[in-house]
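In what comes next, chain A is part of two complexes: it sits with chain B in the first one and with chain C in the second one.
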Partner chain A sequence: MAMKDLKIVGQPVKLRDLDTHVTGETVFYEDVRVPRMLHLKMHRSRYPHARILGIDTSQALSSPGVVTVLTHEDLPGKKLYNALAGAGVGPEDEPVLAFDKVRWKGESVAAVIAETPEQANAAVAKIKVEYEELPAVFDVEEAIKDGAPNLTAHWPNNHYVYPDDHRAAQIRYGDVEKAFAEADHIVEDSYQTQPIEQAPMETNGCIAVPEGDGRITVYSNTQALQFSLDVTAGILDMPTSKLRFVGGTVGGGFGGKVDIQPEPITTLAALRTGRPVKFKYTREEEMQVSSSRSAWRVYVKDGVMNDGRIIARKVTTYQDSGAYLRFSSYACMKHCGHMPGPYTIPNVSVDSIVVFTNRTPSNAMRGFGVMAGSFALEVQMDKIAETIGMDPWELRLINAYREGDMKAHRKEVEDAGMVESILAAAEMAGKQLPENFRNMSSLDRKAG
Partner chain B sequence: MASGIVSIKVNGRAEEVVTGAVTTLQDVLRNNLDYTSVKDGCSQGGCGACSVIVDGELRLSCLTPVQEVDGSEVVTLEGLNLSNSITALQQKFIEKYAAQCGFCTPGMMVAITALLDRNANPSRDEIAEALAGNICRCTGYLPIIEAVESIVAEMAGIAGD
Partner chain C sequence: MTKLRGTGFAAVNYPTGMHLGGDPTQSLVHATTSGNFVVTMSSVDLGQGLKTILAQIAAEALGVPYDTVIVDTGDTDTGPHCTGTFASRTTHRAGNAVIMAAEEARKVMLEVAAEKLEVGVEDLETDGLGNIHVKGVEDKAISVAETAGAAHFELGRTISGRGIYLKPPSPMDPETGESDPDSTQAHACTVAEVEVDTETGDVQVLAIKSAYEVGQQVNPELVKGQIVGGAWMGIGHALQETTAPYYPAIDHAPRDFQTYQMPGAVDMPEVECEVLEIASRNGPFGAKGVGEMVTNSPIPAIVNAINNALGVRITQIPVTPEVVLRALDEKAAGGG
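Entry: the complex of A and B
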């Protein structure tokens, strides 16, 4: 199909709510007005790793304006959750409110519900938690060493375990070691990315409103309404038919609102108090408590021939999930499948491992799993070009996958467009390529 | 500052509000008077989403104790919606796709209005400078600046775009 036949692709499409965005009339969750609304503030862990010996809420309960205080003892249903449990991912490892231990600095311990945000904050400061501080671990490779502090019995070695007892998401394709022995060059390096906060303009939050019919309406800015609804139902031990989640207007997300964060506890607070309750993250909470993109450590070893062909690639990746699983096993598997990159390499071995550390749990952000991989691989491609004295554009064109090639994770390439994309980029950048490269096509490997 | 009663005019309407020790103009506008275009992105003067015009000057309402503006005239985007000048700017935002999630947009509208009120023909650099305190995380700043350039060109009677 030619571009001229396309009616939507290539055409700007007006956002449905653009007209009210420019007048300020778009209703975000926080713009919903309900009478007699209470405010929830969270008492959070001061330590990255500590045993909880006792939680004393008595002074907070008698603090002015306080209606109630919730701890793990008030949870009617599940005390542990994972958003993907419904898709078979498990075990559910994350407490709604901490009970035996805290595993990261900022973890939720007790929720105060009061008439005003200021009164809730004042009472949060009056909660006394007795801790026994434990050694913490913050580095992915330290965390999986023998003798490292263990976060939870769910993960005895501080790493996720994939089905069939695999410690890593894995690809085994061809014979990497044999190909390394035959390669003209070995190019080896390691790459580290940092956690990144999505920093949406609007912080995470919701308002839960008890209705006369026994249902609870939750106005939320989550990017994952169905996950939040399911998890909340499980934690409250309520049928989903009793919960009405209203969302769809999100003041920026970028993955940072995929977590189940404010909804379950706010819904429980509304149920307990019989009044509407709002829980809005401060900017500080958004930065330090809401999940970031994971930090990834990627080791890459490539076997390369003088003519530019990459004949073997071995990758070992450690994903820093932080203290709990959330969506990491999914991201890590996606990372694994991506790691050969958009290149056809006949021998590939990848191990990508989800590691638990005493850091803020990480989660979604635009292309999570893939971005860190692409960063590592494309810097590696430039290093290969430098090592063998080849133009980096030509190196990529030689190795780019072609239609019908088998990828390392046993998926045949369909609709290949890598070669054409590189050539189009070269033209836009004014990059002069030799004619045999300009004649290359994703449909075959003849030219070049 | 102790609690008391503050009189302000908001979008042309006289209001009296009872204030506490630390009541911000943002809190009064959003929560007492229901002007929900005044967004709360950070509560610390970092994002510009709460921008309003006080006596003709651009102000961050989250950093403004309401007692400080006793007797002042305050304009929010709701007030600007009543005037013809903002309609043309809003149309340019729509044409240039200068909004995505929409959360920063009210603050942008107010900041741009304040700019054009004091300088009807700002340069590109002056536009960028005037919007330096307004954070956008979705579209990037290019379409926003282009929307302003476009309205400036139109106002100057030069062919736009």
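Entry: the complex of A and C
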């Protein structure tokens, strides 16, 4: 069904920068050479939840090689931001540099800019922050209980609030409770994933270079150049015309470079010092400071008939957003839209809830919102098969969506290929299926 | 000590494009005076081969040789807007934008060639080798290079085109969730075979066999690269990786690749894959996208294989040796 009259599309031509990736000659942001470059290092919170009583930068400022130290008092524009504010997501809840409280261990408090990375690190250690430690909460279901430590007044119950005052992104399709009452079997379980590091070979970073005409060029390994430019300009309250972002060749992303973490503060440092400034995350920062993949807890309840048809699926999901929102409300909507997986189920209910905890803020990673959903559903499918005594291949083939079926979010299935993929994998694995299953197709729904 | 083997599989679908749309990408295409074509973008290549496949798509749509297409990307001063490389969107969005720009440029190229050959535009075709000729009459031809030179120096015309792809935003109904969230869906089914050491709890993945349905492949080697790399990442997610080993507690957080364990070369089984191509209605030449889903299908397949091997029911990842041994203890105590 693919288009066969093609000349070059469909051909295995060699990756254009393959040779230079192997020899090390590909130019990445760090290969930019500019004279008089300074280095930025961040002083980070030692506590997962604490009130800031005072920040003393005097010893750091007099430390050898230090050019300046930036705290929240130096921010010319926003003190709080969310990178999706321009798309209407809010409220902006995350400090650019912490001021009243820190809400996770590793949160940015003060930036030191010095002649060398070593001098910057030495001065970071001399910053004195006086804290009053506060109770912290780490579990998503503990966090939304009455009396749990509250992270911020923005989210009084430690969860995001969707339009019309809903606590969850939700799907309501058919009548799951009625279907559960009619089902031959009820199959329930819960599933848990953990925070995961994107682990790109090249850690997050950028070099901001003042150009002498009032503009700043930012060499960045962001996954989204204009987005990073717009967010940086917004945070620093500067016209977008003053910024130029250069990148486009990046040493791995996997979702870990859409955060706009290093660029705003490095741009501010370049503006303040009038010199080029580099901020490169260490591997430790990459693992513990840059956003992880969110941890997800997914409860699935299915109503199933003896013949294998799943007639109802109810999903309740808690996404561990960590201390701030970032793109979590988007991910929970995507998680919702993915349910109930590649199956046609006539009654579906989904509640997908963003919960705030005193953890490193989580964000995008390959399969954002979907990976944990697929994990939960496919382990659940095996439980259904075992419960009703049916072959797990046949169970999936019976329920797999067909072209034109209605999905739970009320869009018809297009470009269906689930049945064909299952049959091809069965063949590869040497799985013998009955003929009526082998003859199934996404284009019709003859029962198996 | 016993080593138990098991098999599991998983079926997944994956959406193409930023959820709920509203994520445009633009492209500009212009011919140089010697007949090369520059595709100007600001999309980001993360190593997956974006620059390569955009050159392939541009060459196909223009009808010119692949080697004459130059992809210039990564500068916000010169490249038109791209929402970014994420959400399995860039092949689809950037590819469609490149086709639109290339078609506009191709139209001018053929008009110029028609004028030079004194024939009608509708009578012309490209051979993909750098020539434009009258249909069925291969020696009544003009090269792309000569056409580009004539356009600029004789006729004062620019062979260029503008392209954009936007899936209009589709808001989600807060009550029912009704929405049009994606452009298309790709599909996969992965089979995993594992061996579990019941004394140490160690899991070895012996084989990963997958069928991926990704629409038209733009570059089969790069698709395979995603599938093999995704299988590796899926093994890591299923068995080892976490930045909070005692989740939800934050203690013992890894800080480097000594304490953050990922699969090494010896942990990597052979990855077999078969790629199916069911064309997407709206993808560039029918492409869907393959960037993200390749991690999603191995994870539940591996967990199902472990459960199959041990007769237990593990419902969390990563399935570390500790998780395996606790599940076996629970089974021995009568819980399994």
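Convention: the second predicted complex is superposed on the first by the 434 of 448 C-alpha atoms of A that agree within 3 Å, B and C clash if a C-alpha of one lies under 4 Å from a C-alpha of the other, contacts with A are read in each partner's own complex, and residues count from 1 in each chain.
Criterion: a contact is a pair of C-beta atoms (placed from the backbone, for glycine too) under 8 Å apart; a residue touches a chain by one contact, two chains touch by 3 or more.
From a predicted model like this one, the values you see are computed outputs, not experimental measurements.
Once chain A of one complex is fitted onto chain A of the other, the partner contacts of A:Phe99 are absent, as it touches neither chain B nor chain C.
Touch criterion met: A:Val22 reaches chain B, while chain C stays clear of it.
Residue contacts after overlaying the shared chain place A:Tyr131 against neither chain B nor chain C.
In the superposed model, A:Gln226 lies in contact with chain C only, and not with chain B.
Residue by residue along chain A, chain B and chain C are tallied for touches, and C comes out ahead.
In the superposition on chain A, contact is made by A:Arg283 with both chain B and chain C.
Contact with both chain B and chain C is seen for A:Pro12 once the two complexes are overlaid on the shared chain.
Looking at the shared chain after the overlay, A:Tyr299 reaches neither chain B nor chain C. Of the two partner chains, chain B is the only one that A:Glu30 touches; chain C does not reach it. Within chain A, the residues touched by chain B in the first complex and by chain C in the second are 12, 14-15, 17, 21, 199, 249-254, 283.
Touching chain B in their complex are the following residues of chain A: 12, 14-15, 17-28, 30-31, 33, 118, 199-203, 249-254, 282-283. Listing the residues of chain A that touch chain C in their complex gives 1-3, 6-17, 21, 48, 87, 105, 138-140, 162-164, 166, 169-173, 189-197, 199, 222-227, 229, 243-255, 257-258, 283-284, 287-288, 292, 295, 320, 330, 333-334, 336-338, 341-342, 350, 357-360, 364, 366-371, 374-379, 381-383, 392-393, 396, 400-401, 408-411, 413-418, 420-422, 424-426, 428-429, 442. In the complex of the two chains, the chain C residues touching chain A come out as 7-15, 19-20, 22, 42-47, 49, 51-52, 55-57, 59-60, 66, 71, 73-77, 79, 81-87, 128, 172, 174-182, 184-191, 209-213, 215-222, 230, 233, 237, 241-244, 247-250, 253-257, 260, 262, 272, 274, 276-281, 284-286, 288, 291-293, 295-297, 299-301, 303-304, 307-308, 313, 315-318. Taken in their complex, chain B has these residues touching chain A: 22, 34, 36-37, 39-44, 46-47, 49, 76-78, 81, 90, 93-94, 97, 99-106, 109, 135-138.
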